[in-house]
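What follows is a pair of complexes built around subunit A, which joins subunit B in one and subunit C in the other.
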Partner chain A sequence: MNTFLKRLLARPEAILFFVLVAEIVFFSVAGRNFNTSDNVANIVRHSAEIGMLALVMMPIILTGGIDLSVGSLLGLCAVIFGVFTHEWKMAMPLAAALTLGVGAMAGGVNAALITVLRLPPLIVTLGTFSLFRGLAEAITKGTMTYRDFSPEFIALGRERWMGLPLQGWLFILIAIGIAVLVHRTTFGRAFRAIGFSPEGSRYAGLPVQRRIAFTYVLAGIVAALAAIVFTARLRQARADAGTGYELQAITAVVLGGTSIFGGVGTVGGTLLGIASVAVLTTGLKLIPAIALAGIGSELGSLLTGALLILALAGGTLAKSLAVRRSRRQSHAAPKPTITT
Partner chain B sequence: MNPVLQLTSVTKSFGAVRALKGVSFDLRAGEVHALLGENGAGKSTLIKVITGAHQPDGGSIDINGERVGHLTPASAHKLGIACIYQQPALFPDLTVAENIGLRLEKTRSFARVDWPARRTRAAELLQRIGAEISPEAEVCSLSMPEQQLVEIACALGAGARIVIMDEPTASLTQKEQQLLFAVVRELSASGVGVIYISHRLEEIFALADRVTVLRDGESVGTNAAGELNETQLIQLMVGREVSHIYPPAEGAPGEVVLSLKNLGCTAGGVRSVTLDVRAGEVVGLAGLVGAGRTELARVLFGITPADSGEILLGGKRVSISSPREAIAHGIAYVPEDRRRHGVILEMPVAHNITMAVHHALFPGGWLRFGAETELAQKFIRDLGIKTYGPDAPGSSLSGGNQQKVSVARWLATKPKLLILDEPTQGVDVGAKSEIHRIIRALAKDGLAVLMISSDLPEILGMSDRIAVMRSGTLTAMLPGKSDAHEVMAAALGKEAA
Partner chain C sequence: MKRSTFLTSLLAFALVTACDKKSDSSSAGNSSDGKKLTIALLPKSKGNQYFATVEKGARAAAAELGVELIYDGPTNTDPAKQNEIVEGWVNYGVNVIAAACENREGISGALKAAQEKGIKIVTYDSDTTPDARSFFVNQATAQGIGETLMDTAAKLCGEEGEFAIITATLTAANMTEWRKNIEARLAAKYPKMKLVTTKPCDDQKDKAQAEATNILNAYPNLKCIMAICSPAVPGAAEAVKQAGKAGVVKVLGLGLPSENRQYVKDGVTQAVILWKVEDLGYLTIQAAVAAAKGTLKTGDKTFTSGKLGAMEIQDTDIILGKPFVFTKENIDQFQF
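And now, the complex of A and B:
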């Protein structure tokens, strides 16, 4: 039991799990109406899009890459979806399908720059981060907003099924898909190997560039999906949709124990990361004093940042302590190592 | 006369590998002392001990008759030790005078640069070594030998009494070489002790006063250069005794598996290689570091694809432009750099072993953990990999066992041709003979093996035939029962005496 608990606690996800539990307990006591099903639905609605982006960010970071363009791509796809439905009078399913295609193409642009021209992902997606947002603003001339979507479409953003908002179900589906991809397929195995050592993976005959490209295209498709969900929730498509979402998604992934250097991480951890950020930011707005002062979102981002830094520092500290301890032990008695 | 540098019984180990086993060496003022030895004989380690880059485990160092306790690169510099490397470490975008100034001037914050003094000094130093280089020239506009001269000028300016030159002529033309020789003679005439490392025997005889030969981390003797001829030198380098029992070859080789016809790769520096490897045969690929052996392996494995000539596998012409294609054609490559390319240290043994067989083992891309563990356990058993289990991370294994994991990964692909690049480098003696036994057993089962090795006894002990490379091409094809001396002579580009 003792060792089992120790091993459980050694996982970065375990700490995060306790943080999440602590958050829930705290807000149940201090917040107003935190423990209601309406509030849970509210948290899910407000976090689903960022959550989706975090889920597809996770394989990218696992390969040692990064995608700063997903938030901007969400905005671009929202606007393009509006153009399809309003200007070109397309049926909703067709417009949605084509928007997903646009997302895939945008992700393909990132993928091509990174894997064909071998440019660093940080620089490439920093470029498309501005490029996609700029395109969205050019299409709407910076002012236009598409409204008046059909009630059936808006239902996607408002309705619940079995108590859970529809986008919550969509999020769960994507989470299962990503978890299977990362933990049960050769794709996930390759992501991890590439994250640890791209050169070593190449020498092992893994299709390194193709696998990397896949993660960025997947991110593009899911960003488009998130754009549609976002549009349904707000009942409007605007060029500034999803501003800053990329950083929140990255925060959730890294908080969830995925190493920014690649190789290490679990989808379960990412889910915990998403949940603890979501609960923190929404929970704060339910505390009367904070709500009254109107500083809920400011305090939310402040505490999210603090949480991220504490989690990283805590992990590093624990590791260096462990190293120091084992070193001291190895001084006292030679540590048994496996040799030939 | 007191030596300027005296090393006594210096030892240095890296993990299980004993790089220096009690080397004694002395350098007199005004002499050129050549240091010779095969790859891995311990030359670079010895140099690094002298320059303070490595701390010796045992033995003592005296400089100018005084015992030096703890030598660091900074204190070595102060004591007048300078090292000129093959690749000069200058700032390419700065001028010669600026580079010399940066090395020699004492730096203070916010001090003004005395430009005329800097230029005068640079010009003076360059003139002293007879170099016709303008102090105003940018370093990137200089040729490699000119840059070496700038390095030497820096060493002189720093008042170096001990100058180490590590294969300084490797990239020089004949004429540049002569100029460099003149400078070296100049240095020694002015009382500087020069340690000169080179693989070119004729240079040793042209320059050196004394020669020390290292072999397997030990000094096998210091002689006056005039007392030795080339044959004797080669003999000293390769030694005579076989300290290790190699498994015997069995059976006759079968069909030709791999056939290369004038294979070349400009980017990789491989020129017109023609070679056959048969099933059941171990072909040893010998040569000095930089002779193009690893480069040839990289061409065959599609990392730097060939741009001329032909590769025939089983008689059929193939083109190989990526490791995946090579694997599909039944070629396996156990790379030289085990820690960077051979295994992914952070990943478990099982994941490492199955990494090249994802397609065959995991149909449809679905991981089958049971099958994976089973395959890993089979290889752990068959190759005698010492690990606490398939889940153990690669980093928890010893070097020899990591190497076995790397071999296992490639055996899992059921290859027709296995290329091994320095299969026992940095591996302890026990694991070494086990790896040799495995290689021999694989050949017996009909695998064609191409084994690159800088370990001459290993080449001689394991190979059915020995291909020797020099400057990117094959220079000799020798029978397995060759003499160490013949192989070394071919690798050095000498006629066997």
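And now, the complex of A and C:
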């Protein structure tokens, strides 16, 4: 038990787990109506789309890449979904399926530029970040908003099944899928290997570029799915949908212990990252003093930033302390052959 | 080991759901239990000086009525954030939500859900769909704006001579409505005045300035330029100033006092027309509290609101009254 605890505590995600528990306990006491099914539903609804993006961002970062374009792609897919349903009068399921196809294609563009032309992911997705958003704005001429979606479709954004909002179930499905992919399949284990050592992976016979391409296409598909959920929740499709979501998704992933250099990270950690940010930002708004002052959102981003920096600094500090301690111990041991 | 983190995160999730208890919705919509009413005021964007002025008026009303006021909104106009804030307030258990809606249809779902929990909904500045709120505090009717603009122009010109209009676009719904009312007033009351031209400026100050310069050249006898979109007022003023016709050709328009203060003080612009934004906030909170207490009901024809006195109600619109004319004499009293 003692060693199990020690091993658990040694993991960076362990600290985050205790942060999450502390948040929940704190907001239960200090917040109003925090422990209610309505609030849980709110947290899930408000973070489902960012959460989905974080889940597919995780394998990308694990390979040592990054995708800055997912938020813009969410906006583009929302607009294209609106064009399909409103201008081309498509049935909802067909429009949704085609939108997922568009997402896959857009992810494919990122993948091709990164794996075929070997351009750095940061630059490629910085380009498509503007490109996708620009396309969305061009389609809507910056002003057009698609509204009046069918009640059955809007239900996807509002209704609950067994107490949990529908998008929550969708999120859980994706989470299980990604967790199995990354941790339980040989296919997905390649992501970590690639991030740890791309050269080594190639020598080991892994199809490095194909695996990397897969992560970006997957991100495109899930960004399209998040766009549909977003549209259902807000009952409108507009070009500015999902602005800034890419950075919030990256925050959740990095907070959850995935190294930005790749090779290190778990899906469980990402889930903890998503949850601790979601609980923090929602809970703050339920504390009477903060709600009355109307500074919930501002304090939310401030504390999320502080949490991220503390978590990263704390992890690095703990590591360097451990290194120093082990070095001191080895210094203390008698070393007869030192002469310089 | 990997499984352990996955399981712990599931455990944390279960922890939230496990201590689930029914929402404390009894506080919502119940004003007779002696607890202070909590009114939530939602602006389109928090940083905008216009809404900061609304807040000022709202705070005054809240202090007068002894209610708690929450003022929160997106930093920039963001319909998604507006929905999230409203949903948060429903959970928090406010009594009334007063909203300026960025997205008419998009926010209606969240507002209806709030109504189902017994929370009263009032809108102001920009309405939602009528079924998602009890009252809309309407800052100005098209008739009020049109008539005030025309009356002020006539007064500046001595009720005779040529004048021109600069609008945003020739098709914008609200401006078309205003122009219709301006022209109706002109035909009915000022036979010696003549509208010589109406030019669009696409809501851009530079273009308004260029159009105004063209108008000044084309109509040497022009007595007045009326700008009915806010960027056009300083635009027209700059053109008149550069043409050296300050005071000769009068400028008036619909806009914010702060954007026109210098021109008004220099005597280039004679009148800026807008509603008193602070009063809009004051009236909104008065109406919100009255709606929660049940003293303001659908079907009422007037609403008595503190220092503002009796306000007319048209259907479910509470009308703030005629727009206000800002001039050299009073403009320094207004900060928005």
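Everything that follows uses one rule, which is that the second predicted complex is superposed on the first by the 332 of 340 C-alpha atoms of A that agree within 3 Å, B and C clash if a C-alpha of one lies under 4 Å from a C-alpha of the other, contacts with A are read in each partner's own complex, and residues count from 1 in each chain.
Rule of thumb we're sticking to: a residue touches a chain if its C-beta (ideal position, glycine included) is under 8 Å from a C-beta of that chain, and two chains touch if they have at least 3 such contacts.
Since the structure is predicted, the reported quantities are computational estimates derived from the model, not experimental observations.
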| item | value |
| --- | --- |
| Partners on subunit A (subunit B, subunit C) - clash or fit | fit |
| Touching partner for A:312 - first (subunit B), second (subunit C), both, neither | neither |
| Which of subunit B and subunit C A:263 touches, first, second, both or neither | first |
| Subunit C versus subunit B, contacts on subunit A by residue | C |
| First (subunit B), second (subunit C), both or neither touched by A:199 | first |
| Partner chain in contact with A:32 - subunit B first, subunit C second, else both or neither | second |
| Partner chain(s) touched by A:126 [first = subunit B, second = subunit C, both, neither] | neither |
| Touched partner set for A:187, first subunit B, second subunit C, both or neither | first |
| First, second, both or neither for A:207, with subunit B first and subunit C second | first |
| Per-pair minimum CA distance [subunit C against subunit B, superposed on A] in Å | 12 |
| Subunit B - residues contacting subunit A, complex | 16, 303, 323-324, 326-327, 333, 335, 340-347, 351, 355-356, 358, 362, 365-367, 386-388, 396-398, 400-401, 409, 428, 430-431, 434 |
| Parts of subunit A lying in touch with subunit B, wherever the complex brings them together | 184-190, 192-193, 196-197, 199-207, 263-264, 337-340 |
| Residues of subunit A that touch subunit C when the two form their complex | 7-8, 11, 13, 17, 20-21, 24, 28, 32-33, 35-40, 42-43, 45-46, 145, 147-148, 154, 157-158, 163, 179, 183, 230, 233-236, 238, 240-241, 243, 266-269, 271-272, 275, 279, 282, 285-286, 291-292, 294-298 |
| Subunit C to subunit A touching residues, read off their complex | 1-2, 4-9, 12-13, 15-17, 19-24, 46, 68-75, 78-81, 83-85, 87-93, 103, 105-106, 108-109, 113 |
